[in-house]
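For clarity, chains are labelled A, B, C, D and E in written order, and residue numbers in each chain start from 1.
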């Protein structure tokens, strides 16, 4: 399944102009406030008619200005979690949740409903009306409503912002399963690199209505420094990894990546199979010799390939560890002290606890 | 059998009594629809299910007759009335209508309450009488024209207007006013309430009711007798003589 | 009719009360669906005849009621263009029937009903309708499941206005269907009749109080209902 | 009155047109502030007399207009309790004056005005008023700077209803202040007069068209204004 | 200036019951969705009248149920950034911004207005109406409106959620200045430990309508593991620090803390004065010997004092470095390998880049 979006939409003072082809899975839409994320999502949902363009989802043409085609919004089968909850004030939470499902004639699926309700922690709210709900409660109901409407494409506009970390940590694995098992493609708007890094296979960075970066999340993340309003703290790489074993007594899981073997906390990780691991440049410490007597369990030998970017006090280095690229952010002084120039052999030292569940996507 | 009568609203008291008497005398049910003569005439024109029409003046009866909606030879002058000048109950003395200045003087800066002088029969009779008496010009600007006679009467009895022109029957029924002058009968077209059986009448009783009514005018039947202000049938016939049916406006 | 004082109603007056209730209720109920339709068109539609439709709707308010009654008589009377057609094809007769009184009341109350509903529609947050559409609701379903429930208080407000108007209306009614006891004599026309005769004040007072009592009961009921609905859809 | 056919208006008819405009405009403008106040009370207030106030406001709708006119006469006439006091202390005379026609029109239009404004008030998002309060706005300022601007379209809608009603109202007017050319004879009374006369149809038609034209112009103007306001406060 | 809040407020199914005394500065209100944060803030602002209780701000009694006292909301002089923006739809952005200022008769202060507009990046929006603004734009205008109303207490309900990292990074220093210079106390609701840690002097953790932890942010943070819906990733300590020098050529600033001397990126840090530094347990690596040949510039000698908490795969250790407490999170395996038991001498190794601006508050 692919999503093709080539649209131009102008309002006074702002023009959205994108040409994107997105694959299956969860695609992140990233960019500063006012960059056009919501506008793009609205155009896809049919809530705004683009000035010109073409939108095709999974072979179905949703819109084609040239051909005068415009599929009515209610036939697009697009689930949309709005930036503001938009719950129906006259329906209780249960009816809000089941609204889309009921319309699509999918009354059944009790198990699925229960699972969603459970995951969102809204079981006790079912009989309530939206007016008395807290901000985060509203947001959770809105997520549930979209999930339960059996969409063929899910648009989520900053769905987790009003939620606490614990709740996010419960919802994210659900989104991962949704992405992987039900194969519903998701377009996910977020300001959080952590969320995007964990969930998104591909990532689109918008700025001023235009696409400034697009590609596999790992690659785009690596270049985040150069993004407008850069999020240096989160720059890093994503590595494919295979679970090759566990150390049950320590609750550690061993991953084989192209960069080498790494031990990470087991948590809810599977005992076998493939996962993806994000390694932030700021979490990588460089040592000239293999470290001994330190608490960090992971140490990957590698070579400095390049100085990617230089800031006031820090530099971003590209390392090659085995066949993989890993980034490391160190102070300029350390880079000078250790003579971290291209060709220099180093060890990338990583604390296992820094490779926690937030850094791993299934 | 039931008879449906379309009657001018001001006749309600009189006709309710006649209907009761008719029924007591062995007649059938009478349904009376009271409204303005103009509305009733237009409704008859549009095929209303009325058997008898009682108009407040000759004009609307003529209108209906001209449309061929009156059964020939059934027209009678059911009731007669007179117009009088009234003042609030507590006011002073009579007004001499022969004196060209008296009426205007009695009004001072007050209003002369009348029914609409162009549209409502009582108003038209009043205007004709005032004109004939040479008084119209002196009071024209002070006339307050009400929707109907009852409203004019009320303006006087409530003291809003110091004088008003109304039917004798109205003046007689309202203790809030007193008659300060009577208009000579020849100063205005005859005040008659013509009744007729309509061409499309469905009830065979309609003819009898009309005759019955013409015999039993309230002037004779009512317990209050002549004090109700209606003129008797004989007076009515007499008054009508010598005038064209359609009074000039 | 006799009894001019005293507060018991005569049989004929009870008939008028019953008729008024029927007329007002039927007029209000039957004009609801077209009023909602017209209000929707006026609130949301952008079409050439917008101003004309809007004007037409307000016409019964602008015209003196007797003129409206006269136009109804000409149009919907036995001899009227529409009246004749309706009688022939649908067996629906208005002239001099209580149905005609209901038609007159419906027409007179229509602008009030439409305006209340239109105001309610314009206050609906269209983002909620958008949300319903993304969940698969077509325009009709969006209307039935989102818009309609949200405008219910407005519909109720309009209905109570129309009902009250129907209780008080007589100008158009008496001109269109006359004032026939048991068939077209409503409370308002009965009051009018009493107003036309000397000494009718007691009758006026009596029937007026009845009319007020009925309308007040309807008013209070609608307030309670409306408050219940409003509590449910509070967005606070 | 003379001329029954032909479409030019007589001098007297022009006077009636001017008077109708003045009466409708004054009635609408002067009833706006009390209508806003009453609508606020009804929409927001929780007090014992709520149902009674609500009933009182609807009364002119429930009562046949002539009864309303009669009550006005009793209350605001020269000899009326309120009328006498107003005349004495404020020099404000209603009886047989155009001001009385305006009062009658205002009273008849009041329920329509209040209901429209009340609906608008009930649609205001009170969270915005809360926000204004935290920014230091007392109740009066909240009303003036937040509530009032937001209910403007509703006020406008009510005003146009009241204006249209004032153009068409004659039952209460003629009963209260009678039909004095140049002083209290409005378009509606003039039309009514023509209706009472056999052959008056042409006159009815002519004045009715004038009345419609005026109200349509007001209607279109209000629509445009309302749309401009609505565009400004769109929350979409 | 102090804030005293002792209120009980019950709605069906939820009861808020708190008794708090907050000091000056920025106080964070933290807790899972539905825990009563917004309710508490509403009660303080006067938007909800508590069932019973007493609220005193800076000596002014805002509410006292027992005494029948309730200061009208508009007299409370409380600036409130709502969880949803609540902009006035009929006013343009400029008038929205100046609404409160105008009411308080403070028309002037052009410089302040310009500074706020600049900081929020809303200069180009001033003539627009709220309806067309993006989610983040609305939020920024709402922040500006509250800031400019000259409040004596500022309530901020998740004010930065809809903003991108870059924008947050611009707004946070402003809030710090506000807190320190204008001495307006702030009650700040947030789900973000990073924000709270950086900004808040004191922190209140709510759960189910009750206060489950309250104290200096550092202390509460240290105990975050035990909080419901714990946010283990962010646990750490806050240290007072003095700027003792800079290394201009490396753009590094040297801080003296009770734990020892640390080098951090200079960024916009002052060249002298006091700051506070947050050190997350997950960023601390432990070494038995002083590390050499590594990129981490900071190494603090210390002693393991206690094992504070033990999770599945990690342990949280309390170290004493000089006179200060520092926490370190390491895997259980490392703790065993290195024999990290109480009394063990270790070196806490910290990357300078991990001590970036987000970790330092002025």
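The definition used in the following text is that a residue touches a chain if its C-beta (ideal position, glycine included) is under 8 Å from a C-beta of that chain, and two chains touch if they have at least 3 such contacts.
Chains and their UniProt names: A, E = Sulfate/thiosulfate import ATP-binding protein CysA; C, D = Molybdenum transport system permease.
Being a predicted model, the structure only gives us computed values, none of them experimental.
> What chains touch subunit B and also subunit E?
A chain counts here if it touches both subunit B and subunit E, which gives D.
> Along touching chains only, what is the step distance from subunit A to subunit C?
When the steps are counted carefully, the minimum from subunit A to subunit C is 1.
> In steps of 5 degrees, what rotation angle do you get fitting subunit C onto subunit D on the CA atoms?
A turn of 180 degrees brings the C-alpha atoms of subunit C onto subunit D.
> Using the average of all C-alpha atoms in each chain as its centre, how far is it in Å between subunit B and subunit C?
35
> With centres defined as the mean C-alpha position, give me the subunit C-subunit E separation in Å.
60
> In subunit D, which residues are in touch with two or more of the other chains?
Where subunit D meets two or more other chains at a single residue, that happens at 66, 70, 127, 171, 192, 195, 235-236.
> Residues of subunit E touching 2+ other chains?
84, in rising order.
> Note the residues in subunit B that touch 2 or more other chains, in rising order.
Only 36 qualify.
> Under the stated touch criterion, can you name all the chain pairs that qualify?
After working through each pair, the chains in contact turn out to be A-C, A-E, B-C, B-D, C-D, D-E.
> Where on subunit E does subunit D make contact in their complex?
Against subunit D, the touching part of subunit E is residues 45-47, 72-80, 82, 84, 86, 88-90, 99-100, 103-104, 129, 131, 145-146, 149.
> Along subunit B, where are the residues that touch subunit D in the complex?
Subunit B residues touching subunit D: 36, 38, 41, 59-60, 62-63, 111, 113, 116, 118-120, 143-147, 151-152, 154-155, 158-160, 249.
> Residue numbers of subunit D touching subunit C in their complex, please.
The contact residues of subunit D facing subunit C are 51, 54-55, 58-67, 70, 111-112, 115-116, 118-120, 122-123, 125-127, 153-154, 157, 160-161, 164-165, 167-171, 188, 191-192, 195, 204, 208, 211-212, 215-216, 219-220, 223, 230, 235-236.
> Where on subunit A is subunit E touching in the complex?
Against subunit E, subunit A makes touches at 11, 13, 31-34, 37-39, 83-84, 124, 128, 132, 134-137, 139-140, 157-158, 161-167, 191, 193, 228-234, 247, 250-252, 263, 265-267, 282-283, 285-289, 291, 293-297, 312-314, 328-336, 338, 340, 349, 351-354, 356, 358.
> Mind listing the subunit C positions that touch subunit B in their complex?
Per the touch definition, subunit C meets subunit B at residues 1-2, 66, 69-70, 73-74, 77-80, 95-96, 174-175, 178-185, 189, 192-200.
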